[in-house]
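The same subunit A turns up in both complexes below, where it pairs with subunit B and then with subunit C.
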Partner chain A sequence: MPFVVPKENYTGRIYTVEIGTGEKAVKVGGANTLPYLGFEGEIPNPPAIAIEIQDIPAKDWPETLKKPFDGVTDDPAAWARFCEKELGVGIIALRLISTHPDYGDRKPEEAAKTVEAVLGAVSVPLIILGSEHVEKDTQVLKVVSEAAKGRNCIIGKAQEENYKTIAASAMANNHKIIAMSQLDVNLAKQMNILLMQMGFDKERILTDPMSSALGYGLEYTYSVMERIRLAAIVQNDPAMQPPLVSDIGRNVWKAKETIASESDIPEWGSVEERGITFEAVTAISMIMAGSDLLIMRHPKAIEIVKKTINELMER
Partner chain B sequence: MALSGVEIFKHLPKTNCKECGHPTCLAFAMKLAAKQANLDSCPYVSKEGKEFLSSASAPPIRPICIGHGDGSVKLGEETVLFRHEKKFVNPCALALSIDDSLPDTEILKRIDGVKTSEIERVGQKLRVEMISVGHTSSDPSRFSAVVKLIRENAPKIPLILNSKDPAAIESALPHCKGARPVIYAATKDNTEAMVKLAKENSAILGVYAEGLDALSSLTEKIKGMGLDDLVIDPGASTPRRMIEDYTMIRRSAIKKGFKPLGYPIITFTSSKDVFAESMKASIGIAKYASIIVLDSIERWKMLPLITLRQNIYTDPQVPMQVAQKIYKIGDANEKSPLLLTTNFSLTYFIVQGEVENSKVPCWLAIMDVEGLSVLTAWAAGKFTAPKIASFILESGIGDKVARKELIIPGYVSILSGALEEKLNSDWKVVVGPREANALPAFLKNRAA
Partner chain C sequence: MLIIGERISILAKKMRDAMLSRDPKPIQDRAVAQVEKGADMLDVSIGPADDGGEALMDWVVKTVQEVAHVPLCIDTTNPKAMEAGLKAHNSTFGRPMINSTDGSEERMNTMLPLAARYNADIIALTLSGSGIPATAEDRCGIASEIMSKALEFGLPLENIYLDPLILAINCMQDQAKEGIKAIKLFQEINDPPMKTSVGLSNISNGCPKELREIINRTYLSLLIYEGLTAAIADPTDKALMDVVKTTEMLMGKRLYAHSFLDL
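Let's look at the complex of A and B:
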């Protein structure tokens, strides 16, 4: 019995979404095969990685994570510039955490100033994230969307309870949008459809099916993503074909596994390498499940994952 | 590949003699397809028919057991390509490579590393299961001595004898009597000698060939020589080839019933960079490898890898739940706040993590709602005021806290009035934040 390559024929393709402007613009998505099965389709763009910064100093981040950003987190613009110039990161994700009522309740206008300052400091694409407070995000994301007009950013995250205003302003200012739902294939599809029904171009959407960290529900996210990707590629479902986003950094760096010191839990070994590996392993698992864009925190973890991505793109 | 009743029927005698206890051959075939009958009940089925039917009903990926006694590991038997379809059956084994060129002191250290590799995660004890003995010394007697040293110090740990030199394998096998090691590997150049050694010593044979064409010809040849307990390696050394080759192997075996590749996969993730090795091992865990041989097993590296293996091999049908009870977080005492949420394990992990981050000791009341999240449980009528009230009252937590105050998730603030009514009059209900990430600020504010 000779071996025959068990090739399958797919009809679906992930939309290609371009973010940013000029030379530093980045394309994500575009594959017409399941993750890295290059023998039966094309994978035109590698998964992209954005580094996460925030609009307040990284005071409550774990030590391992604070270290690489020592001295730059007081000013979001300086932080962003550091990420582009010193770390050579291709996309920046700015989380406007201080707009959350519990973390400073900053006004939309203040957030817009931060966004303008960051945009002024970098030329790479920007992902602008709210605090995920349903009501506050509607106000904040509307104003920052306007402030970022012309820079082709990703605005996020639109949820079922607040997508209308957020999507309308992202649309009016020519941005892309993250559609977030809670770990369910049908909800993810529903969220994309809601946006499409209000006239949002389906090829400007990115789907966030809710990320989780390794050991904290990763298997749910993993399977939801695999099922979304199967629906997109095998069943050719147009409502499932936006690229997938994995916002993992903040989940990973909250887990005990990345924080607890070696003296607290000796059987877990060195806290620094452990934290970095925890984030990198979470990222690579998401990439296996179909992620097109990852939002991560530790520069070393990003470097490790990027090396592996390069190898994944080589035939 | 499961056969249908009609396909099975084609290979039966079609005489309807009833000796199998069924009225017709077709009726018997239907029972066989439903796995409610055994082919042995028909005395007249031809030898060819029997061979065909028994090989078609064998699992698409051959079950392999390595080692002996309570250290043994079971591999193979997988039935699906995606974990949401059905639980992945036998978690991949992790092995540490120990080379025979190392000094004995270093070898003993590495053996000890494997023996003490156990980590406990959510109630499961997880560890590095195997040792692979490498042979770069090119001295068969050194190889044999190292295998002996490992067997003496770690008699329960299953071994991979990693040498393509039959003389080295032959010299080491006497130390592995009855221990069912893996011989790695048979190649096109040493096939006869390796097959003979594997057969005589009832060992598992690793089969190595570059590419899937060469690999399937080689396994077919070996099966023809009467050996079927194999693990296979197509020599995929880059992440991309691992994903492609291993997917093709699993797909050929499961979807096409292609027997020459229906064996567990063994992979060596050796890399110059210790972080790169974790990446390759992760890909192996997610994408169908059954044995992953690592160059090093630092504890900080094994925690993420073992966790990933646990996640990937979790049963997707069972919603992950934690037990209903009042959990004590930190040094909670009678003055500590009492928080309520549901027993969906993800909800529990996130809330528990945020409470720990807040450094405010708390009582966390986890209510059994069949593993649903707060909003879903509420919508499904499983997280209602009367049910919550009886859980809290019956739990006896009222006697442990001075202030009878229950903090409920912000998403069910609508329940607070009804809940206060259902609880006895001395209880007060407080609405907490909607999202767990607001808990540290919330708890610190209350403590202040």
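Let's look at the complex of A and C:
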């Protein structure tokens, strides 16, 4: 008797979220099966990758990470253009880190100017991230959301303490939103329900369950994402069906393994190769757990992950 | 958990009047209200309907599905009216369900072929011509007979919902736990497990009105614990629907969040 692969029938499907406009628009999500179990359902869109840039020069980034962006980080628009044109990246994630009270405390209006400049420089979709300072993000994201009207961006991140204003402005200006919670599956669900209850279309939400780097709590993130995906696909839970976002670059490039110099720890080998591998391995773990959108930093790590995704999607 | 709304029944005076005078409004209002409150299917019961049953069922099915875009559980003992209901049913919303067959030759020979011909699900009451079995094990025996008969007629076992026949607590108290046990045992008859269903409100039939809801809700919770697939119940009873969600949540079949009842 020939072997018949046992198949599960799933009832749930991840919402398809489209970001950006025109030819460069990107769709994320849409799967009705668990990650890469393509024989049990369909995975219409492979995980998308966004490259992270900042609104101020990346002074605190390690040298190996600054190198690929040499000469462009002084101007966010130039940096964004470089990523689209030279690196061929499909999505830009602009982090407005300088709005944080401890990193310059720039005003919302200044941030809006940066957003406008970046939007003027690129045609790929833009993810606009605040500084994750709960109060300041409320002011900043409201204003930048208006400045980006019509470009179908992702605005992030809304948290339990500040989601109302952020969601209202994202809704008014037709953007998508990232709903973030603190590494807890029940809080992630609650956050999505709260947004839905204020009238935010559930098919415009992306869930960030809070990412971490390899060796720094990755397994917690992995378990939470796994559980979210099981609720979405197997239990058909509508509050858990938004695509998952993994904002990993900033965690990875803070880890000792990506920073420690070769002279300090010679047995760890090349610092550049080590950092790239660390980011790639973290990212690949996240897509295994169900991530639909990665926010990463090093172009070479992105290349490796893209190649891996292509190989996985071929099966 | 599949909730089959029970409120369109000729036993209710309001529904009977509407059915007999072909007045769609009261029926459609009830249909919409039940779906809004979370019914996955609606039971439409016209009773034995010896006189004009076919025309009545045809009208009821179309009237309900005009406003409620869910599959229906077609409830009559009249085989001709049953077939009329299956023909009228719009299966783009899901396949219809026959309510019901039991273990008697006569019912099996009429209802099982209908289920096979119209690709319908069917509720199979585990009672035979000789009456209601005393134990859960006896119910399993009848279930097996119905299952083998179904296969003879080419009806897949996944279309069958085994129903232990819930009896009123006030006259046969011991039967309540036999019903619970039957739900557990039915699933063990086959791999993959058989689907199960109950007519929930039977449990509190004849009890004082103020006791009925608490008995229904608690009994449903126990049945869900044993793996019940479907219940014919009142979805407009919010507390009952909350019990379904909460039991499923406690069983790990639904993810907890502070607002999980709101969804």
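Some observations on this one:
Basically, the second predicted complex is superposed on the first by the 312 of 315 C-alpha atoms of A that agree within 3 Å, B and C clash if a C-alpha of one lies under 4 Å from a C-alpha of the other, contacts with A are read in each partner's own complex, and residues count from 1 in each chain.
One rule holds for everything that comes next: contacts are C-beta pairs under 8 Å (C-beta built on N, C-alpha and C of every residue); 3 or more make two chains touch, one makes a residue touch a chain.
Worth saying up front: this structure is predicted, and the values here are computed from it rather than measured.
Contacts of A:K66 after superposition on the shared chain: neither subunit B nor subunit C is touched.
Of the two partner chains, subunit B is the only one that A:S270 touches; subunit C does not reach it. Counting the residues of subunit A that each partner touches, subunit B and subunit C differ, and the larger count belongs to B. By the touch criterion defined above, A:K202 reaches neither subunit B nor subunit C.
Of the two partner chains placed by superposition, only subunit B is touched by A:S212; subunit C is not. After overlaying the two complexes on the shared chain, residue contacts for A:R227 are found with subunit B and with subunit C alike. By the touch criterion defined above, A:K107 lies against neither subunit B nor subunit C after alignment on the C-alpha atoms of chain A. By the touch criterion stated above, A:K189 is placed in contact with subunit C alone, subunit B being left untouched. In the superposed pair of complexes, A:K24 makes contact with neither subunit B nor subunit C.
By the document's definition of touching, of the two partners only subunit B reaches A:P35; subunit C does not.
The intersection of subunit A residues touching subunit B with those touching subunit C, taken from the two complexes, comprises 227.
Taken together, the subunit A residues at the contact with subunit C in this complex read 185-187, 189-190, 193-194, 197, 227, 231, 235, 237-240. Taken in their complex, subunit B has these residues touching subunit A: 82-84, 118-119, 121, 212-213, 215-217, 220, 238-240, 243-244, 247-248, 251-252, 255-256, 258-261, 273, 275-276, 278-280, 282-283, 286-287, 298-305, 307-308, 310-312, 314, 316, 320, 345-346, 349-350, 353-354, 356-357, 373, 433-435, 437-438, 441-442.
Subunit A meets subunit B in the complex at residues 1-6, 35-39, 100, 102-103, 132-134, 182-183, 212, 214-220, 222-223, 226-227, 230, 254-257, 267-271, 273-274, 276-278, 280-282, 284-285, 288-289, 300, 304-305, 307-308, 311-315. Across the complex, subunit A is touched by residues 253-260, 262-263 of subunit C.
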